[in-house]
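Let me give you the structure first, and then I'll get to my questions.
To keep things simple, chains are lettered A, B, C and D as they appear, and every chain counts its residues starting from 1.
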Amino acid sequence: MPNNIVKVRITEQAFDPALELSAFGAGRQDTGALANFVGYCRDMTAGRRVGELTIEQYPGFTEREITRLANQVSRELGTLDLMVVHRVGAIRPGEAIVLVAALAAHRNAAFEAVRLLMDYLKTDAPLWKKESGPDGVRWIEPSAHDHARRDQAKEKSGEKV
Amino acid sequence: MPNNIVKVRITEQAFDPALELSAFGAGRQDTGALANFVGYCRDMTAGRRVGELTIEQYPGFTEREITRLANQVSRELGTLDLMVVHRVGAIRPGEAIVLVAALAAHRNAAFEAVRLLMDYLKTDAPLWKKESGPDGVRWIEPSAHDHARRDQAKEKSGEKV
Amino acid sequence: MKLVFLGRFRELAGARLSDVPLPAGVRTLQGLQDWLARTEPDLAVALTGARTQVAINQTLVRDPAYPIGDRDEIAFLPPMSGG
Amino acid sequence: MKLVFLGRFRELAGARLSDVPLPAGVRTLQGLQDWLARTEPDLAVALTGARTQVAINQTLVRDPAYPIGDRDEIAFLPPMSGG
């Protein structure tokens, strides 16, 4: 895959997923499929009102680890371009937290790449989330369900990420 | 699902997926996940160079049938907003053919909705594709693989679409 | 009645069948298909593929006994391929 | 050496541990953990969760015998939750 490109960006600024996508893969004519996912900060989680979400990174390490995960997914699924934008810092409900986008020749690879990378990010991206709202402040850790999904994905892909 | 919205648009004009997405779900704070898929016209398919793709619709019927499929998927997966934009007419390599986007509370429902609707569109949307290039003109019909995927999806969802 | 041929069927049928009076004796979808087999044998063969569908007044119809009148729109749809 | 505590570990550790001289006798990751258990017992208990990971000079390390020197950056990472 000579054109296999992986871009990862960690940003403290709010970003516009549509704007990021408009530049992504622009002008390519060899790709049939773009799949992508945007995770947003919700105003309610598990019945609790969310005022603000804070995501902490480990500068340098976080970007490198996410790039490693993305490269692994790109190789496994043979995507053309693969992009991750991840917000850190203080985030308000309605704002985008993460964008994962994959270009591939066919839709299956594009879908799978986005899905697999999202599964990995949930448990293996060095990021730490804290939710604050009227009910107080709490750190969020991946659920047993997230870990199960990731382990399943790992098993299916047959490779260690 | 009181906010369950389905939008379907058939267009003869080229459309910009990023622009369509920027309006989609704008201002919502109750949704955690946006998944979407864009299918592009490729410059090569199965080793043949593509000069132009022409998609024919059955005016009225096509939009209604796609709306029916989208409503079905929206109900099954409990998406919030679900959008389909489908190009018809003469399409050049690099241009977008179809956009399917789903907003949901959680990522799994959003992913599944986009994927299931794409599977249905491949075999059940009243659209007919003709490819022309240096090797001549040919009508494209869904592959046995497309039908198998759709039947599998149908079975998994447990409902008849 | 109005006959609509989509996709490659349209190329086979051309425009000559788009608006034809209901043929004498045709009262059902099966009757119409029999009439086409007599008057347009090549087209009729193409229409008999396993994945051909028929819409009457923009509703998919599978019953060969479905009634047809002179004000109906009957469409012949080759295998669909959206997305 | 530089100690980095992320997420909820950072809140427990505060800033007092960010830059400390290598304690006498500490030569490995295990040695550092033992030292923390003696000097910061509450923090050390938090750090012993099954999903806690350690990065030395920004590389994940699992081997308790991994050597540690005074110029190293040792980070304690609670369970990660991106996406």
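Everything below uses one rule, namely that a contact is a pair of C-beta atoms (placed from the backbone, for glycine too) under 8 Å apart; a residue touches a chain by one contact, two chains touch by 3 or more.
If you're wondering where the values come from, they're calculated on a predicted model, not measured in any experiment.
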- Query: To reach chain D from chain B by way of touching chains, what is the minimum number of steps?
  - Reply: 2
- Could you give the separation in Å between the centres of chain A and chain C, each centre being the mean of its C-alpha atoms? 50
- Query: Rounded to the nearest whole Å, what is the centre-to-centre distance of chain A and chain B, using the mean of the C-alpha atoms as each centre?
  - Reply: 23
- Message: Centroid from C-alpha atoms only, then distance chain B to chain C, rounded to Å. What do you get?
- Response: 27
- Item | Inter-centroid spacing, chain D versus chain C (mean Cα positions, whole Å) | 76
- Message: Give the residues of chain B touching no fewer than two other chains, as numbers and ranges.
- Response: 39, 118
- Going by the touch rule set out above, which residues of chain D reach two or more other chains? none
- Message: What's the complete list of touching chain pairs for this entry?
- Response: A-B, A-D, B-C
- Note on the structure: Within the complex, chain B is touched by chain C residues 4, 6-8, 10, 51, 55, 58, 75, 77-83
- Would you pull the chain B residues touching chain C in the complex into a rising list? 39, 56, 58, 60-61, 64, 66, 86, 97-98, 118, 121-130, 139-142, 146
- chain A residues within the chain B interface of the complex: 16-19, 21-22, 27-45, 93-94, 105, 107, 110-111, 114-115, 118
